[in-house]
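Got a structure for you, questions after.
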Amino acid sequence: MTAYETTLPVRFGQVDYAGIMFYPRFFDNFHAAFEDMFGDRLGVPYMSILTDRRIGFPTVSITTDFKKPFRFGEPMRLVVDVLRIGTSSATLRYRGFNGDSDEVSVEAQGTIVVIDLDTFETMPFPDDIRAVLEDLTA
Amino acid sequence: MTAYETTLPVRFGQVDYAGIMFYPRFFDNFHAAFEDMFGDRLGVPYMSILTDRRIGFPTVSITTDFKKPFRFGEPMRLVVDVLRIGTSSATLRYRGFNGDSDEVSVEAQGTIVVIDLDTFETMPFPDDIRAVLEDLTA
Amino acid sequence: MTAYETTLPVRFGQVDYAGIMFYPRFFDNFHAAFEDMFGDRLGVPYMSILTDRRIGFPTVSITTDFKKPFRFGEPMRLVVDVLRIGTSSATLRYRGFNGDSDEVSVEAQGTIVVIDLDTFETMPFPDDIRAVLEDLTA
Amino acid sequence: MTAYETTLPVRFGQVDYAGIMFYPRFFDNFHAAFEDMFGDRLGVPYMSILTDRRIGFPTVSITTDFKKPFRFGEPMRLVVDVLRIGTSSATLRYRGFNGDSDEVSVEAQGTIVVIDLDTFETMPFPDDIRAVLEDLTA
């Protein structure tokens, strides 16, 4: 098991009037980590899965605990792993840390399904994508 | 009990490559409904609570089920009510419907806390704000 | 000539650390007004032009002057008219006002082209869309 | 003169129904490059200028030509330089390239002013910030 880890900036445009990351913007970072994880682990850009293979991964549910705010300028270290894989769905966990801290500042569990982008029908994970997710399993 | 109801457009800029609302954008709509609810029920703009009274409502957790996609151009009817009020926190429920449908397409339960924006310390709900939330209690 | 006018809220999520609308967010409002204008004037939702007729309107250039900030909670009144129409391009003007003020707070001139969404090739304006834009001509 | 260069991903969440970057999202990338440039050249995070020194740089005008679309997955290479510096304003140029291409795909010229974030009054550039911008002058 090897969780995927990446560090994303907290941008001026993601920060609110109170100087902390506006909560909807966390989900952009989770998705960015999801994209980068596939690029890194599958060896082809995430977009090619969508455009060339016509496979998509809509999120059907997500639960998020915001434990500690992220201020503008603080890097967000994100660790992505997989809690569960089924035939055509999987639950990913996103844990965000303020820079070098080892205390979880935000934690989300999001469930995706695999669909055929032309029919929007559920389909089983292709083998190569399943292998990527299995390698992320805690 | 009178739930707050509003209808928000699904914008071109909120829709993804697959033609459906990108999941992080739902949270912008939930927050927009939260803002409009306060403006409507408190009789003053939501911003005045922040800027004049220096009170904020960060979201500390949110659970969301995306049951049915929203396509670009479909209006999102949002119904907001309150499931629980404590001294300094409350859980709001957001149910989204595709236009006139009476089937829930998205449902979220988000917990906010009340803070003093100058100290970021938790504080009890002021009476007028508590009254607004109590009126939304299911 | 009848310019299109609409009023859009300045949302918490569009406001930055300094309490004013972050400049990239203005363009979301301009596009929202563009969408609503078509819905209002053409009598069908803007999205149907894209999804049913496979016609798109990418912006090829835009010039914007931000004269006065918009604070969170101030409504943005937007007036949209057309400065020029060619065979397959048009220049629209967006003027934004802080609520009831008659002083222009933001002004943009954006040029769109008409494309076939399947080929990405430029095409002439269809007659009904041209008529909508001509009616907006100053 | 040493222009600042950075490469930013084109994210799924920035791409529209037509599969290309939605034009308002370019401005988020320009601002991200602006932030990263200051962090790199000033040696302290951009946010510290705002939060510690209470200095801000609102954009007062920007002109943008979108010459070639960016598709999801294509990296955007951004080159930032300075066309003009005055006492309390400067014009920056942003040129975006599709990955390794040496053809400009998007070009923007944006003018910022320097303000005191507590009074919103214009102020002269501090010497260290002026030096950073002068080093970027074409």
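Think of it as A, B, C and D in the order they're written, each chain with its own count starting at 1.
Note that a residue touches a chain if its C-beta (ideal position, glycine included) is under 8 Å from a C-beta of that chain, and two chains touch if they have at least 3 such contacts.
Computed from a prediction, not measured in an experiment: that's the story for all the values here.
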Of C-D and A-C, pair with higher C-beta contact tally: C-D
Equivalent interface to A-B, taken from B-D, C-D or A-D so that over half of the residue contact pairs match: C-D
Cα-centroid distance, subunit B relative to subunit C, in whole angstrom: 27
Separation of mean Cα positions, subunit C and subunit A [Å, integer]: 33
Separation of mean Cα positions, subunit D and subunit C [Å, integer]: 24
Touching two or more other chains - residues of subunit B: 12-13, 17, 19, 24, 28, 31, 50, 72
Complex contact set, residues of subunit C against subunit D: 17-18, 20, 23-25, 27-28, 31, 50, 56, 58-67, 69, 117, 120
Residue numbers on subunit C that touch subunit B, as the complex places them: 9, 11-13, 19, 28, 31-32, 35-36, 45-48, 50-51, 71-73
Footprint of subunit C on subunit A - complex, ascending: 12-13, 15-17, 19, 22, 24, 72
